[in-house]
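Okay, so here's the structure we're looking at.
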Amino acid sequence: MQTSNLINWQPDRSKFPDQLADGSFKVDLSSGKYVKIWHGPNHPGVTGNMSLELTLCGDEVMDAKTHVGYLHRGFEKLFERRKFIQCFPTVIRMCVAEPDYNEYNYAAAIEELSGIKIPEAAKWLRMLALEMSRLQTLLRIVPGQGGTTGLGIGVQWGVYLRDLILDRFEELTGGRIYHMYMLPGGVRGLLPDGFRKRMEENLKEIDDFVQRIDRVQYQNAVFKKRTKGIAVIPPEWVDQYGITGPNARAAGFNRDVRKDYPYLNYDQLDFEVNTDNFSDIYNRSRLRWRDLQQTVDLIRQIMDKIPDKGDFKAKTPNVLHWKIEKGETYIRSESSRGEYGYYVVSDGSEYPRRINLRGPSYIHAVSLLERLLKGANIADIGAIMVSLQSCPPEIER
Amino acid sequence: MESQNNNNNNQEKFRDPNLDKRTVISPDGQQIEVDPLQDYFEQARPQVHKPASKVIEKFLNWARAESLWVLGFGTGCGSIEIPPLTTPRFDAYRFGVAMRPTPRQSSVFIISGYLSVKTLKRAIRSYEQMQNPKYVIGLGSCTINGGMYWDSYNTINRLDYYMPVDNYVAGCMPRPEAILAAFESLKKRIKEGRADGANKYAEHFDWYKANQKKVIKDWNMPDYNW
Amino acid sequence: MSIIAKLLWVLLGLFIILNWGLLMGALIRKIVARVGKRVGIRWYQPWLSLPMLYSTRSSISHGVMYYLGPVFRLSGGVGIFLFMPLIVGSPYFDNFSFAGDVVVILYFQFFGMLGMALGAGEGGHPYSTIGISRGLAQFTTVEVPLTLAVISLAIQYDTLSIKEIAAAQQGGITNWTLFTNPLATAAALLSMLGIFRHAPFNLVQAPNEIPIGPPTEYHGTYLGVLRTNGAILHVIEAVLFMNLFFGGAGNWIELIIKTFFIYFFTVFIGVVFPRFRIEQSVVWFLKVPLVLGILAILFMAI
Amino acid sequence: MIKLKDILSPFTAWNNVFKAPVTIKDPLNREAAPRYRGFHFNDIEKCIGCGACSMICENEAIDMVEVATVETTDGDSGLRPRVDYGRCCWCALCVDVCSTESLTMTNEFKWVSEDPEDFRYIPGIDEKPWDNRTEGWKKPAPNYEFNQLERVNMEMLGPEERSDSFVEIVQGYSKEQAEKEADRCIDCGLCVATCPAHMGIPEYIKTVRNENLEEGLRIMYETNPLPEICGRICTHKCETVCAMGHRGEPLSIRWLKRYIADQNPAEEYQRILHSNDIDTNDKKVAIIGSGASGLSTAYYLRVLGYQVKIFEEFEAAGGMMRYGIPSYRLPYDQIDKDVNYILSLGVEIQYNTKVGKDITLEELHEEYDAVFSGTGMHAGRSTKIPGSDHKHNYMAAGLLNKITKGEEIHVAKEIIVIGGGNVAMDITRSLARLQNQKYGEINILTTSLESEDIMPADREEVVEAREEGATIDPGWGPQEIIIEDDEIKGLRVQRCTRVFDEEGRFNPKFDEKDEKIFKGDMVVEAIGQGADFSYLKGELKDQLAFNQRGRLEVNEYFQSSIPWLFFGGDIIQGPDVIHGIANGHKAARGIDKYLQANT
Amino acid sequence: MNTTIEETLTSLESRFELKDIKQQRGDLVFVTVKKEQLISLLTHMRDNENFTHFVMLSVVDWIEDGVFQLSYILNNPEKHVDIVFRCMIERENASMESAHHLWKQVATYQRELYEMYGIDFPGSPRVHESFILEGWDDIPPMRREFDTKKYSEDTYFPRPGRESKDPKEHMKNKLYPDADK
C-alpha cells in the first residue's frame, strides 16, 4: 500500500483551507497565504474580453469572481432608439462568434408578433445559415479546446476550415462575420450558382478534419490527462444553474431546442441529440466533436432540401415605419452553446420596447464559471472557460 | 471649476480603499508607509525619444517595420478576425507580423473595434506599457467615428482622442485582407519614419490625459503607468 | 595557440552557433508551420526581430536584479558554450573544454534559470513568482534524470570530459552512446524535452496558462538578450546531447545536421501534444526518466 | 492506464508536412464574393436624392449633402448621400431601400488611411478605385422589396354602373386601404416642392398611418382650405415626382388627402381646426369670385382676422369647381362641405352679383381696403374653323355650366368633342352619360391635336372615358365642320404632325394627305377657356399692366400695378385648382402685408 | 392551449391570484401576478409543478405607467412549455424580493437589474457590486428617462463635420424660399 502511494503521488492537502459544502473555501486574506490576482481582460488564456479576480493558494484557485462588461455597448438601450428594421443589423453584434442566432431569434420574434409567415425557401435557407454558423463555431471551439492546453495544431486546421465556411457565408449572404441575412420576413438571397458543389467540397474536407482531430486531440494521452475529470458539472447543477446546450447534454440531459421546440423545419431533419453521462472537460469537448459531425450531416440534409427557386422574403410593411402590434414573446433556438433566447416586447410603436437576450454564456460564464473555478488549478482556467464555451459579449451585450 | 469639483466627487465616489496609503510594519519592526498607487505604478511622465542618426534610424525602422509584434488584446468584435490572420489562410507571420501575449513586448496595438469605457481604461494601460516606438491600428468604423455604437453611453466614439492612431481600416469588421493591407500601409509609414505615435503621445500627454479622464470617471490609477 | 587566438576562435564559434541557432529556429518554425498547413515566417525573420528588440527607445526597469536576469541567462548560455567542445578533434573549436566540463555545464544550465528567477522576482508581479516557482520546480526534476544519465556515462567512459566522451564514440555509428548505453540515452532524451521546453513540458512559458510571468515581463533589449541566448542555448544544448550520445561532430556540417535533428526531436513531440500541468510534469519526470536514469546507472555499475 | 495508441496516434498530425500549405498566395489582391457588401457606389444620374438611405441608416452614417454637379429640380432634391465609414456597418439596408436602385455596393473592401477624416465620401461623385466594379451587393431579386411598389387599388364604380349616372365614381379608401397606402410613403418629401401649394404631404400621410386624422386635417388646412375638393380633382402633380413612381406606382396622394377630409365630419371642423373664435379686425377685403383662389384667399384672410366678403356671379359658390367639373368627379355636397366651413368662419358671400354689372370695382374699392379678383376663365375658346358658328357647335364650359345648373341641353345622337384636356374629358363623359340616359347608348368621339402620349388630360380620365364607351381618337387637327342642310354632319380632320415648334410655341402642323372625317351631328369645343376681363374698365384698366402675351402682370404676391387690387387663380396661372388655392394663399399673405403696411 | 399549461394554471388559480392570462403560442403563456405572491409562486412552480428550468429574468420599463414589469420566464423541461410571470412594481424606489435562493443564476440577473435599472433586491448576494459598468455616475442607464444619445454626444467627442440636409427643406430653400406657412 505504501509503495503505490509513493507512485500515485498524493499531495498533502492538510495545509489547504477547508472547502465548504457549496464548493467555496474559507479564505483568510490577511494570513498572507493567498495571492489575489487579476486574470484578464488582456490575457491570451481568457476567452473573449473578460476578466477573473482570483484568490490563489499556490496554483489553486480559492475564490473566483468574474468581471464582465468590457464589451458592454448598451445594445438594449440602443434598441429604444432604433426602429424595428434598424435593430436588424444591430442585434447581430450581440455575439461576435456566432451572430446568426441573433438574426434568427430577432426575425422570428418580429414575425411572430406581426403574424408574418415566411416562405418555405426562406425557412430552409435560414436553417442552412444557422447550421453553417454552428459549424464555424464548432470548428473553432473543438480544436480550441486543445489550444487551451497547448495543442495549437488543431486550431490551425480548424480556423482554416472555418475560413472556408466563412467564404461560403460570404457567397450566400454577402458578409463574412456579420451576415445580416435573416431579415424579418425572410432572407436576403437564394443559393448562388455552384454553391452546393463548393459546400460539398468543404464538407468533405471537414469530414477528414473530424477524423484527424479525433486522432490528434481526443486520442491523445496528454490531452486526456489534462481534461478528464476536470471541472465536472454534476447533473443536479443543470437545473439549479439553468445550464443548457452541450454542457447540460454531457451531463446526461437530453435537451435540445431543435428537438424539443422544433422551429423552422427542424422536425423534417433526421438527427438524434448527442448526450453523454459525465460532464467533464473531455466529455464536453468530445460532445462538441460529435455535434460537429452531426452538423455536417445536417447541412448535407438541408442542402438536399433547399429549393433553388422561389420567394425568399414575405411581404412586409414599409420598413421605414414598421409598427408591430403590442405584445410580447420569447423565442428560443439552439445555438452551439445552448439555449439562445430573445424576449421581445413591443408597445405598438415603430420602436421596440424591450429586446432582451438570454445568452447561454450569461449563466455558463458567470455563476457556473465562478463555481467551477473554485478549487481548480490556475493552469486549467483557459480550458474550463473554453469547455463552457463562454462568449462574453452576450453576457453584457 | 465646476468640472474640477465634479472630478473630485467622482474620485471620492469611486475610491478604492485598497489603494489608500497605509502604514505597514516590517518584520524588523520598522514602520513603512506604503502608497499602493506609487508601488504598483511608475509615475514619471512619458518622454519624447529622439530617433537615432539618419542611416541607423533608417535601418532600425526597416527592422521594426518588418517585424511587427502585435498585442493580442481583443478589445472588440474585430478580435474575431485575428485568428484567421495568424492561421493558414492568411498567415500574417510570413509578412513579419507576430502575435505577442503582452503589451511590453508588442509594438503594434490593434484596437479591434469599439472600446467600452471599461476596456478603454485597460487599453490605455496596455498602450502605455508598450515601449516606444509603438503603433496603433484602429479597426473598423467604431474607432473612426463610433460606428454602430455612435450613440451608446458606454463606448467611445473617436479613438484618436485617447491615443495616437497610425492607421485606420474601414469595415465592420474589416476582413483579414484589409487588416493585412493595414499592416502593409503601416510598414510603409514606419519606413518613412512617420510613425511616431509614442512621441506624439508624450508631447500631447496632457491633452490625451484630459480626454481620458473625462471619459473614465473612476480614474484610480496614476497618470502614467509605465 | 595564444590566448588571443583562442579567444578569436571561440568568438568565431560563437558567431556560427548564434547564426545557426537563429536559422535553425526559423527552419523549425517553418516546418511546424507546415504541419499547421501554413507557410510560416520568412527564414530571415529572427535576424530582423533582434535589431527591432535592441532598438526600443524606452524600457521598463524594476531595479538591478531585473536587469541582471537576462544577463545571467545569457551568461548561462555563453557559459555552456565556452566549455563545450564543438568539433571532435578540432583544436580550434573545442573552446575551453577541460577534464570536468560536463559537471560545469550541468551547473551552468541551472545558472541561467536562477538568474531569471532573481530577475523576475524583482519584477514584483505575483504571476512572476508563480511562473518562476513553476520553472524552478520543473527544471529541478528535469536535471535529475539528466544528471543520472551523465553519471551513467561517466561510469561507462570513465571520464567527466565531454571531449573524451565524444572522442570515445568515434569510429562508426555503433559506437554511439545511443547504442552502447540506450537507457542513459533514453533518460537524457526525455529530460531534454524538459530542457528545450517544448510541449508537453512548456507550461512554464505558456502564456495561455500562466499569465504574465518571466517570459512576458521582459521586453525590448532584455528580450533581445534572451532571444540571443535562446538561439545559442538551443544549439549548444543540442551539441551537448550530440557529444554525449550521438557521437559528436567531426565537422561543421555534421554538427549542423545532428543538432538540427536533436532539436527537431523535441519539436516533433512538442507539436502534437498539449502541455502537462506543472505537477503532472514534475510527477512524470520523477517517474519515467528518473527510473530510466537509475536503471542506466545500475546497468553500467554492474 | 495510458494506452500506447493514445501516445502514437497524435503523431499522425505530421503527415501535413508533406502537403502544400493552403495559404492564399496574394491575399492583398483577393477579390470578395460577387454578393459581398463592400464599399458604396451611387449612380448619380439615377439617384433622386430622396434620402431613404439616410432615413433607414441606424447609424446615421449617411448624410444628404449638396452636390455641385446636380441641380435641384422637380423630383430631384439635388442632394446626394454622403457615407461616413466611421459609422457604416455595411448592412446594405440603404441599398435595399433605395427607391431608384441607384445606390449599390461593390465588392471592394480594402481601405486603409492614416487620416480618419478620409472615410467620408459621396459615392459616385468622389472618384474611388472601385467605381467601375460590377460585382457587389445589389437588390437580390425583383420580388425582394422593402417598398410596396403597387398601389392599393381604389374602389370605383364599374363602367356599367357609372356610365349613365352622375353619382361619384371613386368610392374612397377604407381605413385599412388608406393605412396600407399611406404605409407606402417613405417620407422623402420630394412631392412638396412640386405641389403648387407646397402642402405638407408626408406629414398628413403620416397622420393616416398614425390614425390621427384630426392632425392630418390641421396640416392640410395650413396650405389648402379645400381638401375635399382637392382630394378629388387635384391634378396631383405631386404624384408625378413620387419616389415610389420610379420603379412602381406613385402613391395615391390625392386619395389619401380625400380620405382624411372624408373621415373628418364637417361639424367637427371648427373644433379640430381651433377656429371657434377668430379675432376680427376692422379691415375689410372684397373678393370677386368664389372659385378656388377666391375661397382660398377668403379663408386665409379670415383666419388672419380680416372681414371678408365674396361677390359671386352665380347662385352657388365654387366657381369652375362647381360649374366646370361634373359631379361624378366632384359631388356638389363635397364642395358645400369645404365652402360651408369657410363661410362658417364668418366669411360673407353675396350671390348673383356680377362685378362690373351689379357693382363696380370702384365701388368695391371705396368700401373695402383691398380687393382680390379670382374671376377665372369661363369664356370658352373656339377653334374658329369653318362651321364653328353653327348652333349645334357648343363651348364645353357653357355646357358644363348648364349641366350643373340642371338646365336642359341639346344632346345629339352622335357627338364630336374637340380637345384633349381634362375639360374635354369632362364634357365627353358628361355628354356620354346624358346620351346614355336619353338614348340608352353612347356614341361620342373625342379628338385632339395632341397625340395620345402628350395629351394634357389625366391618364385615368382617358382610360375611364374609354371604359364608359366614349371613343378617344387623338392626334387630329380639326379643319372644318361639315354642314349639310344646316345640320352638322361631321368634322373633317387632318393628321397633326406637331403641336409645338422648336421654340415651344403653339404652332401646329398638319399632314394634308392624311385626312378623314368624323361623323357626328353635334360638335363641342373644349380647347381651352379664356378670362373675361369686362369688369376692368376705364381708368382702372389703363393703370393695370399687361405683359406681351396679354396676361395681367402681378408681383409675387399677386398684387397688380394697382396696389389695392390683387388677382389670382386661373386668370393668372391657367386652369388648375391647386394653383388657384396656392395663389389665394399667397395673395392673402400679400393683402395682409399690404394692409399691415398701410396702417 | 397546451394541456400542461392549462392544468398548471388551473392548479395555480386556486392558490394565487392570476391576471391577464395571455397565450402567445401553444407553449408560451404570459400571466400577471401580484408582487407579494411571486416568490412563493416561483417556489411552488419549481417544487411542485416541475417548472425546474429558470430561463431568464427580464424587466420592461413602462415609464408612462410608472411601473417596471419584471418577467420571470419559467420552463418545464419535460413537457416543453413556458410560463412567463409578469409582476408590476413601482418605479419609484423600485425594490423586489430576491429569488436568488431558488436558482443560482438569478443573483446575476438581479445584479444586472440593480445596475441597469436601479431595482433593488435586498438580500441578493453581491447585488450592489458593479456588474457591467465601471465608474458610472449617472442614473441607471437602462431606465427610459436616460438619454443615451445625449450622454454620448456630451461625453465621447463625436467627430465634427457631419451635417445632413432634409430633402424637403433643401428643396424649399432652393425652389421656393419665400413660401412660409
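Note that the chains take the letters A, B, C, D and E in the order they are written out, and that residue 1 is the start of every chain.
Just so we're on the same page, a residue touches a chain if its C-beta (ideal position, glycine included) is under 8 Å from a C-beta of that chain, and two chains touch if they have at least 3 such contacts.
Note that the structure is a prediction, hence the values are computed from the model and not measured.
Q: Check every other chain and keep only those touching both chain D and chain E; list them.
A: Touching chain D and chain E alike, sorted by label: A, B.
Q: Where are there more C-beta contacts: A-D or B-E?
A: Here the pair linked by more C-beta pairs in contact is A-D.
Q: Looking at mean CA positions, which chain is nearest the middle of everything shown?
A: Answer by centroid distance: A.
Q: Average the CA atoms of each chain to get its centre, and name the chain whose centre is farthest from that of chain D.
A: In terms of C-alpha centroids, the chain at the greatest distance from chain D is C.
Q: For chain B versus chain D, what separation do you get between their C-alpha means, in angstrom?
A: 60
Q: List the centre-to-centre spacing of chain C and chain D in whole Å, with centres computed as mean CA coordinates.
A: 89
Q: In whole angstrom, how far does the Cα centroid of chain A sit from the Cα centroid of chain B?
A: So the centre of chain A lies 30 Å away from the centre of chain B.
Q: Quick one: report the Å distance separating chain B from chain C, using the average Cα coordinate of each chain.
A: Each chain reduced to its C-alpha mean, chain B and chain C end up 36 Å apart.
Q: Listing for chain A: what residues touch at least two other chains?
A: 43-44, 69, 72, 74, 77-78, 81, 89-90, 153, 156-157, 160, 176, 178, 216, 220-221
Q: Two or more other chains in contact with one residue: find those residues in chain B.
A: If we look for residues of chain B contacting two or more partner chains, we find 87-91, 94, 101, 118, 144-146, 148, 150-155, 158, 172, 175.
Q: Going by the touch rule set out above, which residues of chain D reach two or more other chains?
A: 10, 13, 21-23, 32, 58, 60, 84, 86, 89-90, 116
Q: Which chains touch which?
A: The list of touching pairs comes to A-B, A-C, A-D, A-E, B-C, B-D, B-E, C-D, D-E.
Q: Spell out the part of chain D that touches chain E in their complex, as residue ranges.
A: Residue positions touching the partner: 49-51, 54, 60, 62-66, 72, 74, 77-79, 84, 86, 116-117, 120, 188-190, 192-193, 198, 200, 202, 222-223, 556, 586.
Q: What residues of chain D sit close enough to touch chain B in their complex?
A: Contacts found on chain D: 21-24, 27-28, 30, 32, 39, 58-61, 84-90, 109-116, 118-119.
Q: Along chain B, where are the residues that touch chain E in the complex?
A: 10, 13-14, 117-118, 121, 144-146, 150-158, 161, 211, 214-219
Q: Given the complex with chain A, which residues does chain B contribute to the contact?
A: 71-77, 79-81, 83-84, 87-90, 101, 103, 114, 116, 118-119, 122, 126, 148-149, 151-155, 172-173, 175
Q: Which positions of chain A touch chain C when the two form their complex?
A: It comes out as residues 7, 9, 11, 35-37, 39, 43-45, 56, 59, 146-153, 156-157, 160, 216, 220-223, 225-226, 377-382.
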